[in-house]
Each structure stands twice: as structure tokens, then as C-alpha cells.
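What follows is a pair of complexes built around chain A, which joins chain B in one and chain C in the other.
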Partner chain A sequence: MADTEIVSHGTAHAEESTGGGLMRRLNMWTGIVVGVIAAVVVYFIAAKLWVNPDNENMAQGPDQAVIAAEVAWVIGFLVGVGAFVAPFRWLLGRDQTHDDEMFLAGKGQGVGRYLRFTTDHKVVGVQYLVLAMTTFGVGGILAMTIRTKLASPGEGLFGGQIYNGLVGMHGIIMIVSTIIMVVGPWGNFIMPIMIGARDMAFPRLNALSFWTLFPVVPIFLSVAFLGGIPTGWVAYAPLSDQAPPGMDAFAVGIIMFVISSGIGAVNLIVTATTMRAHGMTWNRTPIFVLGVTATSVLGLIALPCFEVGMIETLLDRSQEASFFVPEQGGSQWLYANLFWIMGHPEVYVILIPATAAILEMTPVFSRKPLFGARLAAMGIIALVALSVLVWAHHMFVSGWAPTLAGPFMLTTELISIPTGMIFLVLIGTIWRGRIWTRLPMLFVYGFLWNFMIGGITGIFLSDVPADNELHGALFVTAHFHYTLLGGAMIGAMAAIVYWFSKMTGRMFDERIGTWSFYTIMIGFNVTFMAMFFNGLSGMPRRVADYDPQYLIGNMISTAGAYVIAIGMLLFLYATVSSWRNGPIASANPWGAKTLEWYVPSPPPLENFEHLPVVTGDAYGYGEPNTIHTTHPGVPAVAQVAALAEGDAS
Partner chain B sequence: MSTIEHHSDAGHSPESHALPPELVAHQQRRSMILFIIADAVYFACILLTYFYLRALNVDGMWFGPDAKVADAWLIWLIAGVTVLSAIAYRSGEMGIRANSRSRFQTGTLVAVLLVVAAIGLTIYQMMTWPILMSDGSYASTFILMTGTQLVHLFILLFIGIGIWNRGNKGKFDDGKYNHVTVVGYFWYWLALVAILGGLTSLLV
Partner chain C sequence: MSNELEELPEASSRPPLSERMKTPEGKTIIKVATVVSVLTVLLLIFCIWWPLISLPPTMSDTQAEVKNTLLIFSIASAPVMALVWGIAYYSLRHWNAGSGDTPPEDGPSIRDNNRLSLAWVVGSALLTAFLLVWGLAALTSTTTLPTDAKPLTINVIGQQWLWNFQYPEDGGVTSNELILPKDRPVIFNVTSTDVIHSFWIPEMGIKIDANPRVTTTTLTTPDTLGVFNVRCAELCGLNHSYMETSGRVVAPADFDQWVKDQGGTPGALVPLDVNKIEPKE
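Let's look at the complex of A and B:
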């Protein structure tokens, strides 16, 4: 195709500057100011129009006003942060100049570039990391509040309504945090370098993805001030139809989150499939890249189901629609299906990137090739394929389609096969390796332990009779925390300590990091093992009060939660102090072979002066004279020597 | 090695680092296809809603006592106008491929005007519809389908005006028309959705 139109990317630098003065003045603060003004103005207009006795639908007035204000906040924020500058200039035929592009990339802007609509993938990666850690902290504080409340039976700190709201907010904030905590920071920061690219395929879409997510956080926090969500994060109908206006904010937040995720997923897929370095066939592509790509595909096809469910919830609430209200022809099973068609793939959207990060670093610290690398790749692809066929196991006790319980039990049990394959790859890689027990490797061990327990207890729950007993019990809470927190979060922490030096140019404090690791692991297992026992004894989940016979288990869980909190604070301290004062890192402190370790730490604006050519296996450890890449102008022998020096460290 | 010389990011690279145009074109086409796949999942969920609630007919309220069937002629008129706009756009796209600027500008202008007409007709349809969201699940689902299509038509109008305007400014020629092709994918997809929506309306 004889097409030379790349104006939206780079050719515009041949054109003369068309100004861009406004664009250069916009940042996060202008976004917040414009967003708040838009939200307040729209709220008062909407309240005037709809929350008055003359309105026939007065009952829906507050919902309509909240929805309008939340949407105005998002649009106002995006206008204020400069997200729409480029599209409107495209519309007007005034493409951005090279100077504009360099400004958007953050060149010469210091720390200020982190607060702008910056297109450099490394800036976006850092933005995602900070956002994920912040939201994770908020979710953690909510978790501590919940555990403190459950330390003793009875009314305690607060009543059931507040408790339900806290559980719902904890759930959704943690789900969003865990979805973004690996793909966001490392899919953006590391993946393009890992494949030998200078940036993502669509740098502006990359920034748009992040800045569409940013205003979602205040929206979720606003839920608490709008009456909360009594439904938990699943937002089941018909309770969601009856919930206070906090549910409107929740739904708008989810819709924006899905849009942000979709934009990000498309960008990651196109980047991974079209921008790999010369010689990087799929067989030579690092497993982390494959994991991020597979996750993006899964998210792209699964998350819109949640979006539709939330739009229908909003219409039920604000327009008296009849999607989930049985007396008007709706069905709550419709919502349950829409939700779980998204919900179970979403578990793998969380798990696969963390698992891929663990798979990525295990050969580095075992000094062995990735055992059965193709098996791992097949396992990831099989997880993606099977994950869309298992949703109804979440609905075994709902009464929906009992005849399908058998097939869904079978598909759910089948999914343990690719999971087991990945486990086999990890164990096989460690087996008889020259183990180099640095902090990332500790997290690999932690991941294996926690995820093994989470996975095996999941097989119990896939069994219909067992699920009938356990579905409403605390056992399920313990199971999914073992997978999502013990597996995915530990994997995400491993990714932080592994790639920290590449992002910051400084080494992570391994001493405090090790204390943090053991503290978290002990606290985590104490907390959730006690929940398993309480659950098996019959304690229901999602309850603000409980029978005193479960007191000891709850006290142990609460004590364990405080230990986790101490570990998390230690990790946070290690992260911040290392970022500020950690020892300067070399380009390749782990002696790894993937491409990100061939560039300085932190990498320069465009990563590579000359793009590398991939010549071999990314995990060829222990194989003499194997390197993954060559660089023009540097003899291969010298590169082998440099790599060997890294190996010896 | 030539690959090294030409492989590059585009967003903020100096000219020597610019990505090969054919790669950029390939990326843009692929991204649009992926967006359409996500949109297709969204549309499939709405169809699932329609047929699931229709099949269940909970409490006989699929078609509530106050509900009326939406005017089929208006539904098909809007679908027809949308399809015609896609045909006009395609004609414009073929024009730029053949380096016929006048055909391109005429085709895209007609396409944009037809989208404006489709938007106007859809708004008219929603303003005069004999049903409300609260008239049962048929009414709710059909109004949702219509509203969703309206939002998509507004997006199409934005990018359609952009294509037409950029064409006027001489941004496209027979060797440089990838944006026209990529936007075309979205245009044809919306025309297909309009037809599928019309067919769905036959199954009250």
C-alpha cells in the first residue's frame, strides 16, 4: 500500500509550528479545575431541572443529577488536561508539529511531565505505578477498617449499612488496582523496550488511556459521600436499582474505566504485534510480552459486557427502564450473566500479567532457560480461551440454568490444566537451577505458595455440591484473596522490585524489602488461612456481625491483617526511600538478557539510539556464547563479555 | 542493517526515527479493527439483552400494556440513510484512490450530510416515539439500541467532518489515504449495525 500518511505520528515535524500555546499550559491541575467547575455547574442545572416537584420523574431526579455531574467531571477533566487538543487539531487539519510532539513527550520538563498529558511511554508507566499504589493504599485502608470492625462481633465501630458500603468500595478499588497494577506500569514502561521499540504504537492514545482512568478515582471515592453501594462490587440487581446515588457514581466510574482499559488494550496489542524488533519472532518474544498481549485481548472482549450492565443499571435507576426489574419485564439473571461473562475473564486479566512477570524473572534468578517456554505460552493462551467459558460457576447457587451446572463445572475444572502447566513451567525452571536468591526470587517463592493454595481451593469451588455448601461462606473470600492478593499482588510486587532499577535508575532496598516480604507473607497466610477455617465452619461472608463461635478465627484474621499492613508500609518505605536515595543501578544489575537491560537505567527518551536485532533466545542462560540481541557498532564478542560480567555479579 | 535504520517509534521521534509509512498504516488499520471488535462485543451484549428478555417475557412485561411497536418505516429509513452514507463514503474513498479529488470531496460531503440526516431522524424518532423506557423491557431495550446508535453517529460525524476537512486541505492523495480507509471501516460497521438493528426490530 503506497500510503505515506503518518501525520498523526511523526511527519508533522516537517511542517511549521502552528503554535500549541494552549496545549502547553494544560496539566492535571487545569484538568481538575475545569472538571470541578463543569461538575458543579452541571449538577446545579440538573438539580434545578430534575429535582423539583414539577418533574414527573422526581424520584429519579437525584440520580439524573449525579450522573450528569459525574459525566461532566470526566469530560471537563479531559478537556482541562488537554486530551482533546490533538483530535480537534486533526479535525481542523492543523497537525501537531515536531516541537509539539517533543513537548508532549515531556522533553526537558522535569517532574512536571508526570502531571501532564505526556505521551512518553515511560512517563505513562510511572503515572500508572503511582496511581496503582495510591489506589491500592486506599483499598488497603478500607480493608483494615473492615477487619477492625470484624475483630469482635456485635455492632462495634459502625452498622451494617456502612459496612456494606465499605466492602463494596474496598472491592471495586482493589479490583481496579489489581487490573492496572502490572499491565499499567510495566506493560507501558517495560514492554515497548522489551520488544525493541522506541515507544508505543500510539503514544497519544497511551496518555489518553491513563488520563481517562485518573478521573475515575475521585468518582469511586465520591461513592462514599453519595450513600455508598450496599451491593458489594458486583452491583447485583435488583439491589443496585434500589441503592442510593452512590450507585450512579459507581456505574459512571466503571463505564469510564472500561473505556480507558479498551484504549490501553488496543494500543498494547498493536504495539506488541507490529513493533517487535527485527528477528524477534513469537518464539523469541519474552513471555511477559505475550502475557500482556493475551491479557489485553481478553480485557478488550470481556470488559464491554460490564459496561453494558452498568449502562442498563443507570437507565433502570434514572429513566425507569426495565432491564433488571422483574415486575416491569426485566431479569436480574440478565445482569448476573452480563457481569460474570466479564467477571471471570477479569480474574485472568488480573492474574496473567502478574504470572507472566513471575515467568519472566524466574529464569533470570535460576540462571536456566525457561523450562517449557512453549508450554507456558500455550498455558496463557488456553487460560484466555477457557476463561470466557466458565462464567456460570459463579451462579451455581443462583438458580439460573441448573442443567448447565455440569458443563460449567467441567469447563471450570478444565481451566486448572493450563494453570497447572504454568506451575509446571515455574517449578521446572527452578528445578536444578543455579538459584540466585535475591528479593525478586523471594517473591517468586511467595507467589508459588499462595497461588497453589488459591488454585487448589478454586477446584473445590468449581464442584457444584461443594460450591452449594461454600459459596456463601468466608471460604470463598479466602480463596479469591489467595489468588488475587497472594498471587497477583505478590507478582506485581515482584515486578516492582525486579524492574525498579530500570524505572528509577536506583536499586531497590533489598534489606527492608526482605523484611517487608516476610512480614506480608506471614500476615497474609495468617489472615486468610483463618478465614478458610471459619468459612469451613460455616461463617457466612459479607456480614457485619457474626456468631461468637467465630470470634477466635476473626481475631486471628484481624491480627494477620495488621501484620500485612506493617509489611505494606515497609514496602512503601523501601520504594520511596530507594527512589530518592537508593544506590545507583547499573544498566543490567540482574545480568538478564531481555532487551530492556541493554539500555541505560533509566532509559533515555527514545530508548535506543539504534534499534537492536534479536538473534537468539531471551532465556538462553547457561548456554555458552548465547546473547539475545546485537547492537550495530558493538562487536558481538564484546556484548557477550558485558553480559557475562553481569552474570557474575 | 536496513531494519535498524527504519524501525522507530513515531510519536516524538526525529525525522530519521520515523516509522515506515506502511507500518503506521498497518497499525492504524489494526487498531480500528480492534476497536470495532470491542464495539461488536458491546453490540452483542445489547442483542443478548434484547433476545434474553424477549425469551423470558417476565410477568408478560416484555411488551407492556402501554407499549407500542416502534414505527418500522422510520427505523428502516434511518438504517437506509446510514447505509447510503456508507456507500457515499466508499465512493469518496474510491475517488481518492483514483486521485479524483472532486469525487472524494463530493462523496465524503454527501456521506457527512447523510450522517447529519440520520442523526436528525434518530432524534426525531426518539422525540416522537410512542413508548417510554418504563413501558416494559422491549421499550427499554429498543430505546437503548437507538440511543447507542445515536452516540455512534455523533462520533462518526466528528471524524467524517475531519476527513472531509482534511481532504479540502489537501491532506490526502492517491498515495496517502490511510485515514480515509480506517475511518471507512468504522463507517461500514455502523451501517451494518443499523441493518442488524432494523432486523432485530422485526422480532418484537
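Let's look at the complex of A and C:
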């Protein structure tokens, strides 16, 4: 990472510290140490308090101790990483000095700032990218383990317990990675620059949202050592009530993840609504900003339902409550409803940012304005609105409210209309363009292919009689992998390639990137097409073993999965090697018009020396009169030069 | 679908169709339409072949309905996919500006086309409406009992990790194998003794969750003699993948014989409350 250029601010301050020496020594490692100590201490105290030696039934003991210890780990970590330094100082009656604020923003700290509670939105973006790619790698390894086991029927590598645990872990780790993989890196890094802001609205909350997410990853990994979860990531009750303590760790992980994403979502919404540059009306706001904002709103509405479900699950398990335990008067359908009120919007939380990123780069690589920009905005908003009204299509076969099958079939099928609008916008933008077939454009084509298949098969599943046959079958697995891996993940990879130069100052290695693109596309379609066939012929999902008639399809799926893995490794190699020694990028290698391309790569602290003024939208390709931005304070000659550089370099 | 294509380039004045087709735009339209048509045909072949070879044998009226629905949806999706992919493919072929280091010249500034957008939205709405009407009709027919035959009620009890079947109308016979008489509607009252399971007969197109303390219901009419599978379709713990059993559709006379062999009496009503079931050891 190149050193950032430091924008001087007012008068120079003396370098010596004005108190707060402790703050400057806190980082990720101190966080881990404090977190582990807190967890161990709390575990033993809780185990002592709750486990009554006179009581033979000690089954309750570990649950409470695990819950307490996992919560203590997160709080301890946050204390140790320095998340509460500033509030603590205010309690002591002292304020942060300017130097302290600049330190918190990561000024002059080199690589160390990525391991600290750093408030600069660009640092947070990089942290999110590295974390998302790491967790995606973990989830991918789990997926490969599952596929390797399923290469042949029979007991094979391991039995049902380990298999079920793997399925659940793969599910939740992938869900978390895909939720953060566009909004985390690019919503934080690019979005504020795109709207002409110097940072997020609440920089400290921004750091808090990342550092609350970070300790969640070890929590999910600890699930495996606490007996795993037998339920899959849906954690259906009452199976979750008989699960080992891994379930407690899982629930605490979800609760912390929802808190982290809620903090991030509020920050993104406030930033996008209040900090857009002078002149940037909603009509002139890039579609990616709109997508991130809409996603944040949706996440803020939907994800807390999962949190509530998990809190109640924990109460059921540790405090003998009975929200979801039918034997004690609870309702498993209550849980299913809570889960799916989160669960369906959540797939749009994953999908919309990736789609918006694709919409953002299609005009750049077609050299044409975004076709029907209003249609795209309406499509995104309609997706958000409809997605909270369709959850019961996941419960068509549950037996809950059969009379609602018709209405929910209606709302679900209505989703095909806004999805169709987005497809129209995409092909309308490509139509008669000057298609510049650089790597991001290949990903746009990959998205068009995969997401079309994912969307169409979703319509199959919206039909109640068809769903009665296909629900719980491998068909569903194939369908949502086509949307989430083939659609959202491809979009996220496009975003990495597209914004890589802005984040790192270096160009992405497109030769290896292209190889990885084709490898992934072929492997992906082989893997999941075979699953469609197996699913239609009646193979259930989440089974550790299967009848020999499904052997061929499973072998093809496993072979395809290995091809995907090779492609992903190629992509990882391209990312790492380009980051280390790719060719130096200019400020605007794509000739794009959104604001992030007017600042150096990588952008300096606080992004803009002079805040831009927006005078038109960012898609004026072929329109000399539509100018997105002017820079007051910069001499006119330099502006023209910058524009020319922007168009030609 | 080709109507929508014609409107892509702005046609300000409207000379006769034959004239318009000779302009460069018109030729483009013809070429795109050709690509889309060829692609539609290829996709149609795939979309018809795919469900037909994959779906399990049809053994009930419900499954026949499911099969028709999947076929219709699959066929309807072919032109939609062909349209989007055909246009994307054509654009890539004919307006490819290479992958050079510098961006190509800007393309034409086409920002919107209200008529096309409207046609697209109306078209997709009509398609949706068709699918919805089809779905509601199929839903009604699969959830309505035929009136021409006396239905048979069977209690289905899931427990970790096996299925039990009770025949309360045939002397309370119980079995781990599901025997059904041909051409007689069957009502399944489904419940569970522990966690959520899902009662699924792939060959009959029916699936309903088995919930503890609740009874859910589904129905179908088996119409083909033969063997079928009963599976659990909801992850229910350790041996979920082995929670399956087989079943047979037999002639009505054979069914009565089977009931007698099991020690029951065909037609003898034994009140069994599906909600008061103790798990078996």
C-alpha cells in the first residue's frame, strides 16, 4: 500500500502527544488479548455460578457459560482494540485533541493503521475487503469439504453430525461474507468519495461497525469446537433447542453481526442522505450510491428480526423460556416467521449492492449513459419494498397459513417486474455502445448469464404446486447459488476489479483475472446445472448421503466445484500479486465520470483538497454538455486538464 | 417479443415497415431478431428436455399438475432468456471496441426510451399475470378433493429419524411402509413427535412439514401402480439423510388384502388422535 498523501490542516500541530499514550498503543492484538482474558474469566465465573453441584441435571450449565463467555469476548475485544477510548475520555472530562483525531484517522501510520481502530473510511473499506475475502475463503474451503464428501454416496469421509455442522457453518459464513462483500469494502471506501464527502458521517461508528464484526468471525469458528450446529444456518426451532452449545455461540455471533451491520447501515444512510456534494440532487446521484443506501435501509429493517429470533432462542436454551418449544406451548412457526422476515430481504441485501455496482460500471464500459436511470432507481426501490412482503414463500410447505399461499405467490411473482427493469437497463445500456471488453465488462456479461438463470428458476419456485415438489430439494440450492454466487458474487468480483486501482493505486492483473473469470464461470455453471437436474429428480438438500441414482450428478457437481476453486485461487493470486506489484494506476484508468475518479489513486486522507460541486449526472457519455463536476478553488485551466486527463488517460 | 425490439432505435417518423427495414437500423433489428429467434429455438429444446428427463415418474394427479407447471414455466422462460442474451450477444459481436488500454470513443447518448420501457414493464407484467393465474388454478386443483371417490385418511408421524403411518379408517393398522390404493384420494394428516420434518413423496408432487404438536394436511390421488419414495425434506438432525422409506401404490383389492394381513379391518374406523402420539423406541 502506498503511503497516503497527507492533506495539511490549518496550522501545524506539535507532534508530541497531548495525553492519550495508551490509546496509541491499542491495536488488534491488544484487543485479542483482552478479549480472550475476558472470555476465560467470565466462562469460569459463569460455570461456577450456574452449575449447581446438587443438581444432577447440569445440561443447562455449559449453555449459560458459553453465552456469557462469547459476549465477554466481544466486549473485551472492543475495549482492548480501543473502541471506547474517546467516550471514556469524555467521562473523565477530557476531549480528543486534534492530534488524537488525526491519529485515529490513521495519519502517518503506514500499514499499522489497518490493524487499529482507525476512523478513515478508506482504511475501514480495506479492512472490510480483506475480512470479506478471508471469510469467503473459509466458507469456500467448507464448501469444497462438503462437495468432496458428496462425490460418492455412503458414509464416506465423515458422518451426519460433522456434515450437518459443515453445512450450517458454510451457510452462515457465506451469508456474512456476501452481505459485507460489496457494502463493506465499496460502500465504505468508494461511496463517500463518490458523493464528494471527506469521510463518513460518523467515522468512529464506522470503525466500530468493522471491529464489532471482526470478533464475530472467531465466534463462528468456535461453533465447530462446541459441538457444531445440527440445524443448518436457518437454526430452525425446536431442533435448535436440542443442539449442543455450538448453537449458543452461533446465536451470539448472529446477534453481534446484526449489531455491527446495523451500525454500518445507519452510518451509510446518514452519509448518503446528508453529505452529498453541493449540487448532487438525487437525480444526479450515481446508481451505486442509491443501491447502497437502499440496501442499508433494507438491512436495518430486516436483520434485527434474526437478532430477535436468536435472543429468544438463547432464552429458550438457557433460561427455560419457551418461545419456540412446542412441548411448552411455544411455536416453531413464530421462529420460522421471524427468520424469514429477515431471510428473504437478506438475499436482496446481498444482491442489490452487487447489482448496483454492475449498473455503475456498465455505462463506463459501454461508453453510453445509463439507459433508463430512473427505471433502475425504481427497480431497486421496488425490490426493497417487495422483498419485505414475500417471506412466507419460504413457508409454503410448512403448514402455516395455507390460505396465504395465493397472496404470497402474487407478491413473489411481482418481484420479476423490477428484476426485469434492471435487465432492461443493462441491455439497454449495452445496446449500440462501444463495448470495451476489459475484465469488469466480462463480469457484467457473466452476471447477465448467471442472474438470468437464477431469476427464472426463482419464478419456478414462487409457484406453490411447483414449490411443493421442489422445496427442500437440491433445486433450491442451485437456484440461490445462481443468484448469490453467480449474481452477487460475480458482481462483487467485478467491483474488486473495477475499483482496485482506486483502492490500491495499482492496476488489477487482467490477464490472470480473465483466466479466473472463465474458469469460475465454467466451473460454476457445471456445478449448479448438475444440481438443478438432481434437484428436479428428487434429491433433497442438506443430505450427507444419497441414493445411487444421483451419483452422476453429484460427481459432476464436485468436479465443477474444484474448477470453481481453481478459478477463485487464480483470482486471489491476481488480487494479491497486483496489490503488491501491479503497474501503477493513473487517477482515472477507465475514463469514468463519477467523483472517485477525480481524486488520486489511492485517495489522500480526507479525499478532496477542495470539495467538488456537481453540475450534472455521472453518465454523460457522448454528451459534451453534461459535466458531472467542477472544482471551485482549482484554477479553470487545471480543471480542464483534469477533465481531459479523466477522459483520455 | 420482436415488437419490443423494433422500438429500440428512435424511429421519429414512420415510413412503411418495408422501408424501415432497409435502413441500417432496420437491418440491425432483423439481425437481432434472427439471433433471438435462433436462441429461442435452442433454449426451447433445452427447456422442454430438461424437466422431462429429470422429473421422477408421475404417480399422482398432483405430480401431473406439477409437471405441467414446470414445463409451461420452462417454456415461457425460453424467449425471455433468448431476448436478453441475444441482445447482449449481438451487442458484443457488433459493437465490440476491443480491450485496449484507453477507453474507446463515446457511443451514442441514448438515455431513455419511454415506449420501450413501458412495453417492457407491461410485457413482464402480463407474463407475471399469466404465471399467477396459472399458478392459482394449479393450486386450486391440487388442494381440492375430488368428489367422485371416498377419500382415505392416513396419519403420518415423523420422528427422528423414521416415518410411521397409521390407517385410522382400516382398523388402526400401523406401518413403516406407505401402502396406497390406486385412484382413491388420500388425505395425509401429518405431525411429528420431536422436531420439524417434512413429508415428501417426490413421485406424487406433495410435501408438507411435520410439525410437533400441530397437524398439517395435504392430499393427492395416486393414479399409477408402482413403488415410490417417502423422504424427509427438512434438516432434522443426525440421520436426516436416512429418514426415508418406500411406498407402494396397489390395486384397491390388494390394499384391502394388505390391511387384513396387517391385522386390520378395511373400513373399520378407529379414532386415533394424531396429536397424542408417543414416540416409538
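The rule is simple: the second predicted complex is superposed on the first by the 605 of 649 C-alpha atoms of A that agree within 3 Å, B and C clash if a C-alpha of one lies under 4 Å from a C-alpha of the other, contacts with A are read in each partner's own complex, and residues count from 1 in each chain.
Here, a contact is a pair of C-beta atoms (placed from the backbone, for glycine too) under 8 Å apart; a residue touches a chain by one contact, two chains touch by 3 or more.
Worth saying up front: this structure is predicted, and the values here are computed from it rather than measured.
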Handout entry: Which of chain B and chain C A:Ala559 touches, first, second, both or neither
Key = neither
Practice task
Would you check which partner chain A:Leu569 touches, where first means chain B only, second means chain C only, and both and neither mean what they say?
Solution key: neither
Exercise for the section: Based on the superposed arrangement, let me know which partner A:Pro230 touches: chain B (first), chain C (second), both, or neither? Expected result: second
Practice task
In the overlay, answer first, second, both or neither for which of chain B and chain C A:Ala544 touches.
Solution key: second
Handout entry: Touched partner set for A:Glu312, first chain B, second chain C, both or neither
Key = first
Practice task
Could you look at A:Pro326 and tell me whether it touches chain B, chain C, both or neither (first, second, both, neither)?
Solution key: both
Fill in the blank from the handout: Interface residues of chain A shared by chain B and chain C, listed 326-327
Problem - Residues on chain C engaged by chain A in the complex (per definition of touch) - result: 8-9, 50-51, 53-56, 62-63, 65-66, 69-70, 73-74, 77, 80-81, 84-85, 87-88, 91-92, 95-100, 102-113, 116-117, 120-121, 124-125, 127-128, 131-132, 134-136, 138-139, 142-143, 190, 194-196, 198, 200, 202-203, 205-209, 211-214, 216-218, 229, 231-242
Fill in the blank from the handout: Residue set of chain A touching chain B in the complex reads 1-11, 13-14, 87, 90-93, 98, 101-102, 104-105, 107, 119-120, 192, 196-205, 262, 265-267, 269-270, 273-275, 277-278, 300-302, 304-305, 307-309, 311-312, 315, 319-323, 326-331, 334, 337-338, 605-606, 610-613, 632
Problem - Contact set on chain A toward chain C in their complex - result: 159-161, 164, 167, 230-232, 234, 236, 238-239, 242, 326-327, 332-333, 364, 366-375, 397-399, 402, 405-406, 409-410, 413-414, 416-417, 420-421, 423-424, 426-428, 430-438, 445, 448-449, 452-453, 456, 459-460, 462-466, 468-469, 471-473, 510, 532-534, 536-538, 540, 542-546, 590-591, 619-623, 647-649
Practice task
Enumerate the contact residues on chain B facing chain A in the complex.
Solution key: 1, 3-4, 7-15, 17-19, 21-27, 30-31, 34-35, 37-39, 41-42, 45-46, 48-49, 52-53, 56-64, 132-141, 143-144, 158-159, 161-162, 165-166, 168-169, 171-172, 174-179
